[in-house]
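Multiple structures follow.
Here come two complexes built around chain A, the first alongside chain B, the second alongside chain C.
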Partner chain A sequence: MSRLRSILAIARTTVIEQIRNRLYLVILFFGGLVLVAAALLGALAPGHRTRVIFDLGLVTLELFGLATAIFGAVSLVLQETESKTIYLILTRPVGRSTYILGRFLGLVVAVACTMAAMALFHVAVLMWDMEYFREFTAGWSFARIYPMLLLMSMGKMLITAAIALFFSLFATSQVSALVFTSSFWIAGHFGPEMKFLIDRGTAAGPSKALIKSVAALLPNFQYFNFRDMFQLPGFSGWSFTGTAAVYCLGYTGFFLVLSTLWFSRKEF
Partner chain B sequence: MDTVLDVKNLTKRYVRSHLGRTTVSRGVDEVTFSVRQGEVFGLLGLNGSGKTTTLKLILGLLFPTSGDVTIFGSPAGSVDVRRRIGYLPEVPYFYRNLTPVEVLRLYGTLSQMDSALITSRTAEVLKLVKMDHAAQKPMREFSKGMLQRIGLAQALLHDPDFLVLDEPVTGLDPLGIRQSRELVTELNKRGKTILFSSHSISELERLAHRVAIISEGKLVRLIEEADWRDRPGRLEEIFIETLQKTGAAL
Partner chain C sequence: MRGSSRSSSTRSAVALLAVCALLIGWADERLSKAMTWRFPAVNELVVTENYLTDVGCLLIGAHRLAADVAYVQFLQYYGLSEHVAEDEAAEKAEVGPHVDGPPPGMSPDEYIKILRTHDKSSGIYPRMLELSTRILRLDPFFNGVILEAAGALAFNQKRIDESLGLLREAIVRDPSYFRYHLYVSSILYKQKGNDTGMIDLLLEAIKYPDCPPMFEMILGNLLKKVGRPLDAAHVFLHTYQTAHKDYEKSDALRRLKLVCAQNPAVARQIGAELPAN
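And then the complex of A and B:
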């Protein structure tokens, strides 16, 4: 019970720190700005106005949510180590895994708040003209699908933040942690292509097995590609989201365990 | 008299690898001493002598290469023992965007205090360190001396039995130094055991019951209060003599 209380206290502080951080506000501001730009761009394609706002808005939401997650995660422990604020936490009766979980939970809540704020704005822009909106959502339930889309983006954020946190623990600077995480994020979007190249490649035997194992360590964001799937005939939303949730929790948990193991031997 | 802290043959070597080259540097070497209940124990040494490393090893922020540290009979760094320790780092850094009340709530919760106690103790300790007027201001606006006072407040918040203070008067103005000294004396009178490091000989002379001189990572001399009490400047003489004998650069 006291452990849970400590996790929540650290998470709460992390959320306050993130939300009062200027970088966070800048990201939120630019996210809003891009959503407005999407609405203006939509005006250039009168027949597909709502579709353009919908697609561009979701991409914006994901990218700006991602920026909050990555920048937040790489500085989560690294900055606290550099500024030595970590001394006053780790000299309290707090286990190191408690600290990692609290910081991570706080970041996830902050990212969720960013995405929720931008999503509200996005929905408002989408519903600005109800006639177009009704036409666009004919044949599918916006109220059911839109939250699913947000959850899928959030799943990707969770995985990316866990990777960023892990890299930040042994990176010597925030920049190197950012570069490593971004590489993982990009590679995570090319899972099927990588599989294709491995299968068609000339490597064989142990080298092929090694390449396959490395590829298996990379995240596969295809599990979260709900946007391209939900209008396909015979698509099962529950099965898709269930698989995505299990994958997300498993992958995030794996990286959090790695982070905790590494962090438990870290000296300050 | 019970022993609060027992340090035995404590050694720390830093091993660093860079581009295939491994370098080993000394932190502390075979340091042995103990701190008795109710005493004020000082660690005296030049900059880089190993005082902060010793304190970090005691607090579990660093792991020893060899040797043992026990606090209240339990291994240093164990979660339970930390409940009874208050620590003030050399330069206490805080979350810049938080207020003193917010950080003290965090540290109180982490020290397993209940909510009502945190509220009452926060008011008490902020008053004690004369920072109650700035309780709701973000700490990015604070001077070094103000941060040092908040540092002291967080170390006292959970009413620990054992206080570890790393250079507690650094950054304080003359009035702050005097208040800090009075506070340490008062806390000691209330039965708190205090370990503090300093390179301010005058502070140690006034406050400590025993002083360990650390030079180049080694504990080179342990001095009792009787050796310097009522003889102003004697501790400084002993310190310089000791460093000359050990060949430390002067």
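And then the complex of A and C:
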């Protein structure tokens, strides 16, 4: 119980720190700016105006959420280690795993707040012209699908934040941790291509084994890419969300345990 | 003492890692079976000067957005400037005694037809097939745009083989979208000069809200040609009321007014619905 209280206290401090962070505010501001730009781009595609605003808005939301998550995760422990303020916490009766979990939870809440704020703005931009909006949403339920798309983007954020936290623990600088995490993010979107190479590709022997092991290590972010798939014929999104949540928790848990394991052995 | 607690925490961490790995394996197995990836692979993309934009979007898993950007670029290539020029010229022709209006003895209808043929001769847009295939390969489910491009190729550019090729690939990539077949049939009727067959299919096609206004215009013209001006007027009126692009609205209105001017009976029947401007 006291451990849970410690985790929540650290998480609370992290959320406050993140929201006070100038970088966080800049990211939020630019997210809003891009959403407004989406409306301008939409005007260039008269027949599919709302679709363009919808798609660009969702991608913006995800990218700016990702930026918040990566920058936040990378600077969480690294900054405190460099400024030695980490001693103030670790000299108290707080376990290292408690510290990592609290930090991570706080970061996730801060990212969720960013995404929720941008989502509200996005919906307002979408609904600006109700006639176009109604036409765009004919045949599918916006109220049912939109939260699902946000949840899936959030799933990507969780995994990415856990990976970023893990890299930040052994990286020598924020830049290298950023590069490692971004590479994971990009490679994670090529899951189907890797599966294709394994199943039907001409690669054999060691190269096939290498591709298989890389594919097993990398999270497949296309499982969360509902914003590209929600209108495909026969796609029933909500039936996959449970399994996708298990996948997300599995990966997040895996990298968090690795981070705690690494952090508990770290000498300061 | 400290060493034993550390090894026990390591053991529990390893056990947790194993549980997570099992969860990942189980969920991955289920998701890969349930979700078949239906977007073309990166090596199938059409290589244009915007290839880096396309790949950049795919790197962040944004197929739909990549197709949206490609569509905007397609419109910039085909569309606005030519249509505006065409509208202005056609309006001048319709208004009547203008410096560069129709020459004496030529009806406004004939004049518009000549302008259109001149403006949209094949070869003005040599990259139309390439740019529409680019959209198709980025998002094969952007059906309305594929229909628009195929229609423009077949009916405006008279490049029927290219249009049928585009639709054939679209059908392979999204077989469930049956309207592609409808459009293929109507293009084939056009090729054979079978106006009645084409009218029946287009009447079916325009029932759907995603039918491009261009098809409605073609249908309206055909109805006029086969002596059904009232039906033509209804089609033009519908296009005027539902089209989003200004040039499509004004084109529909112009054609509607022309039909009404040429057929007083139609004007009487449709008069109440005729827009004031």
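Note that the second predicted complex is superposed on the first by the 256 of 268 C-alpha atoms of A that agree within 3 Å, B and C clash if a C-alpha of one lies under 4 Å from a C-alpha of the other, contacts with A are read in each partner's own complex, and residues count from 1 in each chain.
Throughout what follows, a residue touches a chain if its C-beta (ideal position, glycine included) is under 8 Å from a C-beta of that chain, and two chains touch if they have at least 3 such contacts.
All values reported here derive from a predicted model rather than from experimental measurement.
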Partners on chain A (chain B, chain C) - clash or fit: fit
Chain C versus chain B, contacts on chain A by residue: C
First (chain B), second (chain C), both or neither touched by A:Ser2: first
Cα-centre angle that chain B and chain C span when viewed from chain A, reported as a multiple of 10 degrees: 160
Which superposed partner A:Thr91 touches (first chain B, second chain C, both, neither): first
Which of chain B and chain C A:Glu193 touches, first, second, both or neither: second
Touched partner set for A:Gly205, first chain B, second chain C, both or neither: neither
Minimum distance between Cα atoms of chain B and chain C in the superposition (Å): 7
Chain B/chain C common contact set on chain A: none
Chain C contact footprint on chain A (complex, rising order): 41, 44-49, 51-52, 55-56, 59, 62-63, 132, 135, 138, 185-186, 189-190, 192-193, 195-196, 220-223, 225, 227-229, 231-234, 239-240, 243-244, 246-247, 249-251, 253-254, 257-258, 260-261, 264
Residues of chain A that touch chain B when the two form their complex: 2, 5-6, 9-10, 12-13, 16-17, 20-21, 83-85, 87-95, 265, 267-268
Parts of chain C lying in touch with chain A, wherever the complex brings them together: 6, 9-10, 13, 16-17, 19-24, 26-28, 30-32, 34-35, 37-39, 41-42, 58-65, 68, 71-72, 75-76, 139, 141, 144-145, 148, 174, 176-177, 209, 212, 244-246
Residue numbers on chain B that touch chain A, as the complex places them: 56, 59-63, 79-80, 82-83, 85, 87, 89, 91-95, 97-98, 102-103, 105-107, 109-112, 138, 154
